[in-house]
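Presented sequentially are two complexes of subunit A, the first with subunit B as partner and the second with subunit C.
Here is the complex of A and B:
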């Protein structure tokens, strides 16, 4: 059995990618199972999806804790403890990351074991599909390529799954073309075939109970949500060019987060740790003083 | 006579201070959060929020809260009942002298359309009848959003939801018409009701400022353009909210003691422009255009404005 785990941010297409992979495997005559994580599936929040592929009926259910392949749609998830990316990843796991960095560069930056491979899917999607959009077809194709599925079945699976989402035929075709390109170009890494991971028995531990007073909520706490950084949610960031700003306040009035403040001189300023990257401000700016830039690991930390 | 804003005439009169802090787990580009953020600029910090289960549950997800005031969480059907309890408690404390009048708090119910139009309808009706002094803020994204966009009574004709998909039997998706909760509320004759939309910040601020002069139920319907459920790019939230108003689909109006005034008269662009932006209406245009369904939606809007008689 091959177990593939997808990590993405809500809206990136991790769930659809898992379906494309499952459907492609099914079309080739395999038994396939795919399911998304159930949880707060909102835009920008970490989500996961799972695909199992086998020649015999699959008895295993639920989340995949020992993946053969992990597909990471957004590199920032590797630092997000809520995403649980490292779970069950060992030196034999193949880890694909959507990143402009090379596998070596990435490996040197992370403590995550595994055999890395990368491709800049977001860059390709921007270039070839023209706008920021879900990259489910590309993720599915890359996963299919790494797991060893045929290009034709991936193509057909993309058509089926994207049609189900209501995408128009020309858009599906463009996705198929770009996906085929990704299928070809992603650096392949061998996945151990036939090696079964030894299943170690998990010892049952008696839980220890704390008295209810310990760790109970301090319900009188003040407003503290602002200490959280939303930087990891962004794929793109709005950038303000002060020379073009006419100080109209529309961006300030239309930011759902309150991430844009007005400075004493009456001009706006973006506080990036609070910006989720929705780009509503860019949409309402009448003077094009706000532009869109792609987020990188370096800019996200700044 | 056209409606005039008195307090909020210019965009620079919008208070700079934030009362709903950032860092919530609500979706990027949430129109409901935008409307609440603007409303809170008028409501201030001396507020007890009574939150019906829904997307806004994520506002104060433990251990974080974006509010300086209190937040009470209730079931979907009982937020106005919760508000009654909070209001009564405050009144009793003030009557006993344990709380000074200056320390009084506003009670604000936050409910989604699933709660407002559906589950909490009887609870709201009871609260209005009892003349409960509270605000009701409904963020209407026209479906049960937090659970993954299922049909609600607020879903308009022609929208696709997960439980009203585009199918052979029902090519238009949703076959029902959106429930007119404004008129249901108005039948109770509360002192103040208004509809607001996030792309019209001054209209929104003005209405909350006006409502503050009334004692009793003050009810708001906020268009909550929803990138996740309506299937459009989060950056288009302002445009979607704007077109909802400009096409006449989301009339901006208020009703004081039951008397309606339209606060903005749109030039009424064709509804198509609004529908085309959103994935939930895509099946009306692709693969085959469903002219009849589009005409139906347009006719409903035309009929509405004909009876408005402006």
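Here is the complex of A and C:
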């Protein structure tokens, strides 16, 4: 069996990528299983998706603990403990990261083991598809290439899955073309099919009684909202040009995170630590006063 | 073979479509919503000739479902978790009406605390309602079970509503290859619904579920529900044979996996039984003689089939994905009860509580189950209930408690 784990942020296409891979494997006659795992749906939050490919019935479900291939749609997830990217990754795991850096550059910046390979899918999507977030087909193609599926089945799977999402035929075709380039250009790393060591029985622990102050679920507001930064979620940031703003407050009304406030002069201000980069404000701005800049590791912290 | 990649939810919707239902009352709830979404699209574009109605709550939804079935319509609906509980009063009521509709429950653990991921406290809470219960392991089994459910429900020996259960996330959002039965085959398997005791004529009004006092009348009618439910064991058997003849797939009330020479047996239900089978394979590879018994039909309780599968074993472990506070695992109690009179009953009966709120059950945890169960069998003494919860998970829990407490403690 081959096990592929996708990490992305809500809206980036990790789930669709896992389905493209599952469908492509199914089309090649394999038994396939794909599933996403997320909490309350929220654009920008870490999500994971799993694809298993086998020749016999699959006796596993849910989270993939020992992936053969990890596909990371957003490099910032590698620093986010909530994303659980390092889980089960060892020296033999192939790790693909959507990043403009080379595998060597990336490997030198992280303690994550594994055999790295990279391609700047976001850059390619921006350049060739003119879309900021549409990388699901590219992720699926890269995963298919690395796991050894054929280009034709990937192409057909992209058509099926993107049609399911309601994309128009010309857009699907462009995705297929760009995905084919990514399939060809992603630096290949051989998947190690060596047997894993059997796992030992884990020590179980029966919790002891705690008084309800501790043993009942409750949470103080502080760490859950005000001091929680979501800056790391952004692939792109909205930037306001006050000279173009007509003060209509549509951005303020549409921000799902309450990250936009209105200053005494009636103009909006973006509080970046709470902005997750969904760009809903950019979509609704009638005067194009909000523009988009791509984030880098340096700008995200600023 | 007409197979495709399909989620458990879509497979459930296909079950309703292939059964050619007439009426679908709906109310959304995660992780069930995709079922009624698919049905609303099909009702809208005419590929399913049924009336789709959204209601204001699950309570109204189940009432509408029962009422529509009482007029002689074939009815399908679906819910999950809190939604099932909101409909609870109506479950008992319409079972007493003896209306053979199918309700899909997509298991999701109950509040509080609130979550979206599955365990079986929702569906098992309804075990005394009079609904039959079929619990599915795979997406294929979801669509097949819905077709079997209609046939069993509508049989004159039964005439009870059926709940078909699938796990949230692990089936509901998981795609795997599903082969849809041919509609012509379904027509042969599932003849049109022509109930003799139901129907509506304006010229001949009658009431269902009328008031009865004094207890004896009530006892008679409630016991009729019990007998109808027990009849479903035989009707299920007949439906299995016919379904296998037409579709080539066989489903019994319980499923044995590598039981033939097994000393110790692990009992599971639903989607995680796939993981249990994988764990059995791994343990077998190391020389352990273990097997798995999957309970597919929970109501009626297939006591004879369970006894037969377990007699003469060294030890049996019941893995409950539910917790009855102050008691333990629900299925453990029922398994224990039906083994009491068995002369060759296992030397040890062990209770494990796992997968609550969708918690993964790791290979290491399965290994711990097999080790402890074997030891209990050797000692001749049962154990449990033991919570599947690890040292590593507890360390993470403690960190979360620090965060939740405002970083004070």
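The rule we apply is simple: the second predicted complex is superposed on the first by the 226 of 302 C-alpha atoms of A that agree within 3 Å, B and C clash if a C-alpha of one lies under 4 Å from a C-alpha of the other, contacts with A are read in each partner's own complex, and residues count from 1 in each chain.
The working rule: a contact is a pair of C-beta atoms (placed from the backbone, for glycine too) under 8 Å apart; a residue touches a chain by one contact, two chains touch by 3 or more.
These figures come from a predicted structure and were not determined experimentally.
**Student:** Using the touch definition from the top, say if A:207 reaches subunit B (first), subunit C (second), both or neither.
**Tutor:** Second partner only.
**Student:** Counting only touches as set out at the top, which of subunit B and subunit C does A:62 meet: first, second, both, neither?
**Tutor:** Touch status of A:62: second partner only.
**Student:** After superposition on the shared chain, which partner residues are touched by A:1: those of subunit B (first), subunit C (second), both, or neither?
**Tutor:** neither
**Student:** Have a look at where A:297 lands relative to subunit B and subunit C in the superposition and call it first, second, both or neither.
**Tutor:** Neither partner.
**Student:** Scan A:43 for contacts with subunit B and subunit C and give back first, second, both or neither.
**Tutor:** So A:43 only meets subunit B here.
**Student:** Where does A:248 make contact in the superposed view: on subunit B (first), on subunit C (second), on both, or on neither?
**Tutor:** A:248 sits against subunit B, while subunit C stays out of touch.
**Student:** Looking at the overlay, what does A:89 touch: subunit B (first), subunit C (second), both, or neither?
**Tutor:** neither
**Student:** Of subunit B and subunit C, which one touches more residues of subunit A?
**Tutor:** Here the partner covering more residues of subunit A is B.
**Student:** Which of the two partners, first being subunit B and second being subunit C, lies in contact with A:239: first, second, both, or neither?
**Tutor:** neither
**Student:** Which positions of subunit A sit in both the subunit B and the subunit C interface?
**Tutor:** Comparing the two interfaces on subunit A, one with subunit B and one with subunit C, the shared residues are 40, 217, 222-223.
**Student:** Quick one: which bits of subunit C touch subunit A in the complex? Just the residue numbers, please.
**Tutor:** 4-5, 112-113, 116, 169-170, 173-177, 271-272, 274-275, 277-278, 281-282, 286, 358, 360, 362-365, 367-368, 371, 386-394, 397, 401, 403-407
**Student:** Can you list the residues on subunit B that touch subunit A in the complex?
**Tutor:** 11-12, 14, 16, 18, 20-31, 33-34, 37-38, 58, 60, 62-68, 146, 148, 160, 166, 198-199, 201, 227-228, 233-239, 279, 282-283, 286-287
**Student:** Quick one: in the complex, what on subunit A touches subunit B?
**Tutor:** Against subunit B, the touching part of subunit A is residues 10-11, 40-45, 131-132, 166, 168-169, 217, 221-230, 233, 248-250, 252-259, 261-262, 266, 271, 274, 276-280, 282-284.
**Student:** Where on subunit A does subunit C make contact in their complex?
**Tutor:** Touching subunit C from subunit A are residues 19, 22-23, 26, 31-37, 39-40, 58-63, 65, 198-207, 214, 217-220, 222-223.
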